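See the structures that follow.
Heads up, the next two complexes both have chain A, just with different partners, chain B and then chain C.
Moving on to the complex of A and B:
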């Protein structure tokens, strides 16, 4: 084990590999449960994990979503022993596509209320479910219980408007867990970023250790 | 014991449902506002006692609480309320039911298994009433009381999007009071204001309740007609024209007769944006003015 890894701010390659494995399991289970809850299959890509300084995060996210003209973001904080921020970034047009997807069984259509409120609320609902599914499963596998703040939504903004870089604490480290998702029906896709700071890392290392011990 | 007292003392509705969505607990607040005592609902299926909960969104939310331990939020803006309770304590409240902001989340047993879900219900009627008043004020023109330019931009966008999405007929009428400057110069600005008000109220009284009338600026108005094709809109415009022409405006003993010129446009293949629609109607209005005023003209591609 190298010296860096022994400080609480860092995670070894081995631990990253374990986390990767847990994410694979968690997201696999989430996808099937999601299908039951929202009646459409959500394809969750194999998650990708990266450790970086918090200040590098805005640039990193921007790089990931640069293909999108505009984005909508759902942000939710989660806290348990494992705590942080979940950022769900939807490609432009996703909100409207989701309205069609979810409200088709409803009386909505020409008589619906203002479309911007509907879009907002739909993004919020789907975001809430998607974040809950991924974070909840991950926490469950690590034997943690998390609670959530109400989701915040930003609808159809330019990237610069949506993410401010001044918000982040320079000292902090972020573990970014990224997955891209795509709804099987409806043209909806985007990225999920789970950002957890070094406060959670010590706990996470222990939890990962406990997880792997089950198999040893 | 102490926590139980809080359960009943708190100014918040609390309901607990089990995995079959049967009501397990119903606090004092819920009893007061529903008029239903706990003994009468506990053990009963929530969807049976409150049939309005039997909708995909509510059921989806319950499932996500039990599957993922999610927290779900039901905002007043979209849902209005979860439990239909009479809103009694607000004088003149225009809401039929108490406006509620609600949330649900998981309740776990000692092994962290989710056994039940809680719903909390917050009465936000007062805030919703204020908000509605503010929104209403921000949409209206102070002088005439009809909708203002600001709201027009929002509404036109919304209707434009909705109609193009469903490929439905959609028209707008732009109109303008003829020689309005003369009215101001001859009778004074108070009379000008009076004329603006009478035109607004005369036209408002003659439109369907799905149509919207806006003061576009100065003496210019715009009327948007959902689900209406060009022919229909031309008839409406013609009705506006005669109604205003026949109107006798009595101001301080003077009878002032005025006329309006109107331009009509509908959604066609060369309308690419809400702005195009306004521009087309404006072009038609300009032709009506040039053609001698007090007339209706329609936009068409070849008549430019």
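Moving on to the complex of A and C:
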């Protein structure tokens, strides 16, 4: 990569701060959308942004979720001018807790069906809402439109089984946007990671500047 | 008259966005704080006419800061500016004594109308 390209791909601290605030707005929107479906309050933490080599990513995610015995993951790829991977990582037991939150009096009848399928579908639905609303709002604020792959779900896996070191293209740089959340009722918590590669960085930098110019 | 405005938000970008939406020709004195605890301390020192308060912040959340400020000043005029617009979050801050809740990202027109309303309230409460 030549010097000019390196410079173009270097995201500044101010741009990261703008992205962090946009992520804050976007995840707030997705929590609000989910709270309309599930009668609970989603407690949000301050989002965190880190630029790293993709090779460091599996280790970084593992460090974040190390307190979880097992994890469930909902993954969706998204692409527009802003493109990447959304990984929603739930703590162990979250799937079943979400089933309890989503269902009302007819819960027993539904549990008579295969619980693993119900758990997978519940995680997929909740993941779809959280990821779709968050990435959608983020793209809207940056004046982009993204499309998504259907969600992939992995239920109650060991970390090593869920995320391998060969998961991402090792040539790339990742911007990791992380936010953690906890449901006020039900034992549900987790992290949302948005991973975008350096292919998006030039567009992203321009989009962030356009966004903040509205407030100059 | 609104003279002093305190902005409490951990994001310097969010503080900048908010300030840019406020009228430039009114001679407001601006004060800023980066978390709820600093917000409470600055509130005690300054006693601003209006406080804009984020909710999701490190050290001390906006919820805790509102509770602390209102405990010591029942007339505090706190406008919550947040990305967290869940109904339960809105109800909780209004119960704690916040004046109103605005959703991020802010719009200039919205801020102007809120300032007029706040001005009116300040005049009534003396």
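Just so it is clear, the second predicted complex is superposed on the first by the 199 of 216 C-alpha atoms of A that agree within 3 Å, B and C clash if a C-alpha of one lies under 4 Å from a C-alpha of the other, contacts with A are read in each partner's own complex, and residues count from 1 in each chain.
We adopt the following convention: contacts are C-beta pairs under 8 Å (C-beta built on N, C-alpha and C of every residue); 3 or more make two chains touch, one makes a residue touch a chain.
On a predicted model such as this, the values are computed, not experimentally measured, just so you know.
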item	value
Side-by-side fit of chain B and chain C on chain A, or clash	fit
Contacts of A:150 with chain B and chain C, given as first, second, both or neither	first
Partner chain(s) touched by A:198 [first = chain B, second = chain C, both, neither]	neither
Of chain C and chain B, partner touching more chain A residues	B
Touching partner for A:72 - first (chain B), second (chain C), both, neither	neither
Which superposed partner A:212 touches (first chain B, second chain C, both, neither)	second
Touching partner for A:91 - first (chain B), second (chain C), both, neither	neither
Partner chain(s) touched by A:27 [first = chain B, second = chain C, both, neither]	second
Three-chain overlay, vertex chain A: chain B-chain C angle, C-alpha, nearest 10 degrees	130
Chain B and chain C, minimum CA distance [Å, superposed model]	13
Chain C to chain A touching residues, read off their complex	10-14, 16-17, 20-21, 56-58, 82-89, 104-105
Complex contacts: residues of chain B adjacent to chain A	55-57, 60-61, 63-64, 67-73, 75, 77-78, 103, 105, 108, 112, 158, 161-162, 166, 168
In the complex with chain C, residue positions of chain A that touch it	14, 17-18, 20-21, 24-29, 31-32, 35, 40-42, 44-46, 141, 184, 212, 215-216
Contacting residues of chain A [partner chain B, same complex]	30, 33, 36-38, 102, 105-106, 109-110, 113-118, 121, 124-125, 128-129, 132-133, 136-137, 139-140, 143, 145-148, 150-151
